[in-house]
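The data blocks that follow each hold one structure.
Consider the two complexes below, in which chain A is the common component and chain B and chain C are the respective partners.
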Partner chain A sequence: MALVNKQYLFGRKITPVLFLLPGLLLYLVIAFGPSLATIVYSFTDASGIRGAVVNWIGFENFDEFLFRGVASRDNLDALKRTLQFMFFVTALQFGLGLLFAVILNQNKLKGRLFFRTIIFMPVILGVVIQGFLWKLFLLPRGGPMAEVWGWFGLQSEFLGGTDAFWWVIFIQIWANVGITMVIFIAGMQAISDELYDAAKVDGASGWQLFKNVTWPQLTPAINTNFLLNIIGSLQAWALFLVTIGYKNGTQVLGYLVYAEGFGQTSGSVTSSFRQGYAAAASVVLFLLVLVLGLSANWFVTRREMKYMG
Partner chain B sequence: MKTKQWSFLILVVVLAMVLAACGGDDDSTDTTAADGTETTAADGTETTAAGGGGEDVTLRVLVHQNPPMVEFMEAFNASFQEANPNVTVDMSVVETGDLATVTQTRLSANDVDVIDIFGFSNGVQDYMGGATPPAWQQLIDAGLLLDITDQPFVQNYDEASIADAGSYNGAVYQVNLGRVSYSGMFVNDDLLAEVGVATPTTWSELVAACDTIKAANYECMTVGGADGWPVFVGSYGLLGAYYPDQEAYAQGLWTGDTAWNDATTQDLFSRYQVYAQDMLEEGVTGLAHDAGPARYSAGDVAFMPTGVWQAPALEEAGPAFQWTYVPFPGSDNAADNQYLFGKYDQGWSIAAKSPNQEAALAYVAAFSEPANYQDFVNAVGFLPTQPTATLETQLGEQVAEYLPNYRVGFEQFWVEPSGAGQWSNGSLAASWFQPFNEWDDSAALADQSQADLQAGLDAVG
Partner chain C sequence: MTSKSSRNARWGLIGSYVVLLLVSLLYIGPLLMLVNTAFKTLPEFYQDPIGLASSFNFDNFTEAWELANFPQYMFNSIIYATVATVIFVITSVFVAFPIARGHIRGARALLTLYVVALFLPPALIPQFQLILNLNLYNTRQGYILLFLVNAIGMIVLVNYIKSVPKELDESAAIDGCSYPRFVFKIVMPLIKPAIATVTVLHAIGIWNEIILPTIYLTNSDLYPITRGLVVFEGVYGSNWPGLAAAVLMLALPMVILFLVLQRYIISGLTGGAVKG
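Entry: the complex of A and B
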């Protein structure tokens, strides 16, 4: 009977929930629904072609992805490469973002707004623009970077050679370090000046100020950046598509999912569409993100409890 | 409270409308027959589409990026629209590598009427256990391509192209617009004359020619290495020189009658390495395929091993540039180097569920008229699939003597066994040597290719 009570139905208690409904439905339709469908698809031989027959094949896709022939070796290599990508991107982007934030948060520094803008600017470019920009910079014949390399007697094929994977790591960091920096700057600006003043009165050096005041007080920003960097780098694949394309020995798991699902794996123009198999690969990627994300979350939560109470 | 109530009600109504709009429209387009004569539009009214009822039609055409072809299509579309005032052609151009993906997504969304599709190839054979059917076969099995067997314009094309590149299970789903060869190379006649080298007809002559050319401070070869595939396509002539019957070779690899690491193929791999590391100029890893003709017509490179489709772009990039096109001399026996290998290139298919089928059929029929087709062939440099057409270009003259020796290439027959490793298709091996990828030992790579292939063959039993 409570539901027919107008006060209850349209009262304060229910109204906020109702206003949440559109967002919730949007989430269910756009995010949760497809995620659930992906898990279901991973147990089928779906091609993704409308009207094609779909058969339930149990764990066959997972078996093929993880154990069959030597394709599984290549998939596991992609898995390792994904972790490698995550480790280097997270570590370097985090470190550089923090360094830039410390430097550019000093009020005495002239031009700090200009440099913040320059460092943040790549973030507003789309991944395709970021990729094409660096493809031009890194042309091995006549490109600006090749010219600079030449000054030191060096030569590189950049994105076309065996170092391509490392160049993509570099581009990923360049593209996203600005957002890491901004989050750190926001965190630093929320720290009370009184803490610094008190520490200075006690004779703290610059390093001690950073270690004992800035670093603990930055905990929320550190945790946010840490999680964002890990999850962002695990899901990165579009940059590989734009800068390298499908090339043996360079794929990360996210790109493998796309390539298998949309027939981009062979040199031929007539590859097959295997969206059931790609769904299985994406479930593996999801589990990886889940495990690493939860572990990282557990770690940062403990850290937050330690410093912030 | 009144305001809250109204807000809530408005919210619910808006939400309901949004969800209703998001609802499936699977049945909105009910195509009644494969002959494409009658369709039911989204509003449920039957239409006869372009040309017939005179209703305004936007015909959605999808083609892949090939500058001379796109230029021709723009002109053809203008003339088609002039002849059919009620039709507006909306042509989308996508990169070659994305064509299959865009075709699949737009066909599934019923968002395209006429599709540029490559000649049917890589069909699963009886001896290929566990192989996944190619994309075109998946599309037909799903009922997304129109059966055009009975359309009069199909008769304009030669029987071989209809049978080999456009048919499946006894029905025709594509008219193929031309064969291309990809196993030859362009030759810079002026540069060869300057350094005193004749056009090589054997592998040894080619190696010696490259040495002479490089000693004179010129480059031996260039390809658009940034796109990956031009590197191995440039080496298809080597594969052809060793294995002229490429369908039999693909079958032999599946059945175990031959292997990537037998003595003959080890030798082939060693020549792949010479091609990739000694013949191609430095820096091609950053050269896009589309930029290849401009680079080559600069004049300081002797050879460009690639497909004949680059001829129109080469003529445009350097009108004064003198070139010839010859089979890649991959063998030391000149007689083995007389073949041109290639594939069926672009064709037209029609979406089976298109609401604009009559306009789509009219479009392909107009394109297939001999005069229009002749103009198309001249523009893009394809070897014609209409018997009445001739390739009236410099390229046509160049390849005329090799046409009796034209063969469909390995790429069109090969299907990967499920579970095979990433190095299992040894026909791509030229692009796996340094600087393009990690390999520097041809024998080790040949062993790896065979091991990766064998693992797949073992996995599928």
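Entry: the complex of A and C
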């Protein structure tokens, strides 16, 4: 009897829905809902202090952020810097990820697994350790990189100097190229050997094999990496936090949102929490992600139609 | 013609090793520097930062362990990572399975709900207001709550389940077991690589998180190890050997977890469609 009952329950359409609800509700309440609510907050003067009155102030935050505020000049610089960061990180991470994947997908190469593992390792170590490793390696007095610089008669303050922004770009790529590489390798391994064999019979050289077989067949991995790199680099900022802190001339939008929203604008000293204003900044970042993400998506879809028909 | 192409292939291989040599310097170099620094005494380090440590001196490790309240931070990190990952993985399989199999209406729309999360604005500020108003600011429960969802993890699970033939779970389902039992006993073993992947990535994400603890936790008894390390760095800023020892202790558990489950991760990420 009990058995029949259970069977009945399982057979009913409602059972899977009931068990799906906890996960779905958690997602809606903790992640999806708050994401959308950011847009609502951007039109208010919310402060982050409990019990404070929240007023609807229309586009004032946006107006202040982009045009009227004392900091609007700096904000526009941060916006430009965010785009710069995205451009260099995406281009180099994509290119190097592909190069590493091509190299480490050769069966003849010894130590393939070892190299894949060390390139992927920073992803496992996380941003605090990534930052620490490079602060140590880039020690301006007597560190290994300073030593190498010295061979060429050069000197740099690295993360403490005027080039700090570019060093963070370098660390960002170093830390995340492993993900790009792994996605490319997985894509390459899904390509059937027969395609290569057929091309070789036709006398194709290494470069021609890459151009005519690998590159078109790799389309899904190319699309994934292209989109992930663009969106990821627009939103990345934790490395700035751990390597150089909130310093003029290096801020990107993501860091700005955090600093304004949680009062970290002057080092670790808590100043004011301007959460409505910060929400407006994150909406600006969101629009950037949306526009660039959708254009990238349009671009890759067109490319896909060309190759995949 | 064959000799020309084999000569090209040889040059290709030599070029590959040259690139890999540079890669090794940039990837192994900082790690070696870290390990070497962790074994140095402070005067030794300041005299010559890159010289080899003169002996295996574990003082930095014991000192960092005691000074920085490390056992407490380590305990907190383990609690946060395990509790949140277990809840996340179990609730997510129950969401991913019916979506992937189309057992429920609107399965596609539900999946879209997770995919668009990649584009949406960061949830940082409303999330903070939510936790504040739930009275969970600066509590373990509130902090764990933040890590119970992961859109990318959900997408990985759905894609993997789609790659498993329907017949495998459907044939096992007939003999009258309850739905939760069916998911635990039949579905979960079938998608082990995806579960391993999602577990490792989610746990590592929690373990390495630094932004959320600085926002949500002000009581140092609740700090995870990352936050503890950053505080330690503020206090012992110039004690590089001590910091290096602390960093090594922070890294070790995740490196071990990764190396143990490494084999599963790539096949989990790519829907099981990958050869060797």
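Everything below uses one rule, namely that the second predicted complex is superposed on the first by the 280 of 309 C-alpha atoms of A that agree within 3 Å, B and C clash if a C-alpha of one lies under 4 Å from a C-alpha of the other, contacts with A are read in each partner's own complex, and residues count from 1 in each chain.
One rule holds for everything that comes next: a contact is a pair of C-beta atoms (placed from the backbone, for glycine too) under 8 Å apart; a residue touches a chain by one contact, two chains touch by 3 or more.
Remember, it's a predicted structure, so these values are computed and weren't measured experimentally.
Visitor: Would you sort A:71 into first (chain B), second (chain C), both or neither based on which partner it touches?
Guide: first
Visitor: Of the partners chain B and chain C, which touch A:23 in the superposed model: first, second, both, neither?
Guide: In the superposition, A:23 contacts chain C only.
Visitor: With both complexes superposed on chain A, which partner does A:249 reach: first (chain B), second (chain C), both or neither?
Guide: Once the two structures are laid over each other on A, A:249 reaches chain B alone.
Visitor: Go through the superposed model and pick first if A:37 touches only chain B, second if only chain C, both, or neither.
Guide: The second partner, chain C, only.
Visitor: Where does A:262 make contact in the superposed view: on chain B (first), on chain C (second), on both, or on neither?
Guide: In the superposition, A:262 contacts both chain B and chain C.
Visitor: By residue count, is chain A touched more by chain B or by chain C?
Guide: The partner making contact with more of chain A's residues is C.
Visitor: Touching A:307, do we find chain B (first), chain C (second), both, or neither?
Guide: So A:307 meets neither chain B nor chain C here.
Visitor: Determine, under the contact definition given at the top, whether A:162 touches first (chain B), second (chain C), both, or neither.
Guide: Touch status of A:162: first partner only.
Visitor: Is A:149 in contact with chain B, with chain C, with both, or with neither (first, second, both, neither)?
Guide: Neither: A:149 stays clear of chain B and chain C.
Visitor: Counting only touches as set out at the top, which of chain B and chain C does A:88 meet: first, second, both, neither?
Guide: A:88: touches no partner chain.
Visitor: So chain A touches chain B in one structure and chain C in the other; where do those two contact lists coincide?
Guide: 10, 15, 19, 22, 29, 48, 50, 139, 141-143, 262, 268
Visitor: Using the touch rule from the top, collect the residues of chain A that touch chain C in their complex.
Guide: It is residues 3-4, 6-7, 9-10, 13, 15-17, 19-20, 22-24, 26-27, 29-41, 46, 48, 50, 99-100, 103, 106, 108-109, 111, 115, 117-119, 121-122, 124-129, 132-134, 136-137, 139, 141-144, 147, 174, 182-183, 185-186, 189-190, 203, 205-206, 231, 235, 238, 241-242, 254, 257-258, 261-262, 268, 275, 278-279, 282-283, 285-286, 289-290, 293 of chain A that touch chain C.
Visitor: Of all residues in chain A, which touch chain B in the complex?
Guide: Chain A reaches chain B through residues 10, 15, 18-19, 21-22, 25, 29, 47-53, 64, 68-74, 135, 138-143, 146, 155, 157-162, 245-249, 262-264, 266-274.
Visitor: Going by the contact rule at the top, pick out the chain B residues touching chain A in the complex.
Guide: 1, 4-5, 8, 11, 15, 19, 22, 96-97, 99-101, 104, 107-110, 118, 120-122, 132-136, 138-139, 141-144, 225-229, 232, 282-287, 411, 414, 416-423, 425, 428, 432, 434-438, 451-452, 455-456, 458-459
Visitor: Under the definition above, what is the set of chain C residues touching chain A in their complex?
Guide: Residues 1, 5, 8-9, 12-13, 16-17, 19-20, 23-24, 26-31, 33-34, 37, 48-50, 91-92, 94-95, 97-99, 103-104, 110, 113-114, 117-130, 132-133, 145-146, 148-149, 151, 154, 173, 176-180, 182-183, 204, 207-211, 214-215, 226, 229-230, 233-234, 240, 243-244, 247, 250-251, 254-255, 258-259, 262, 266, 269-270, 273-276.
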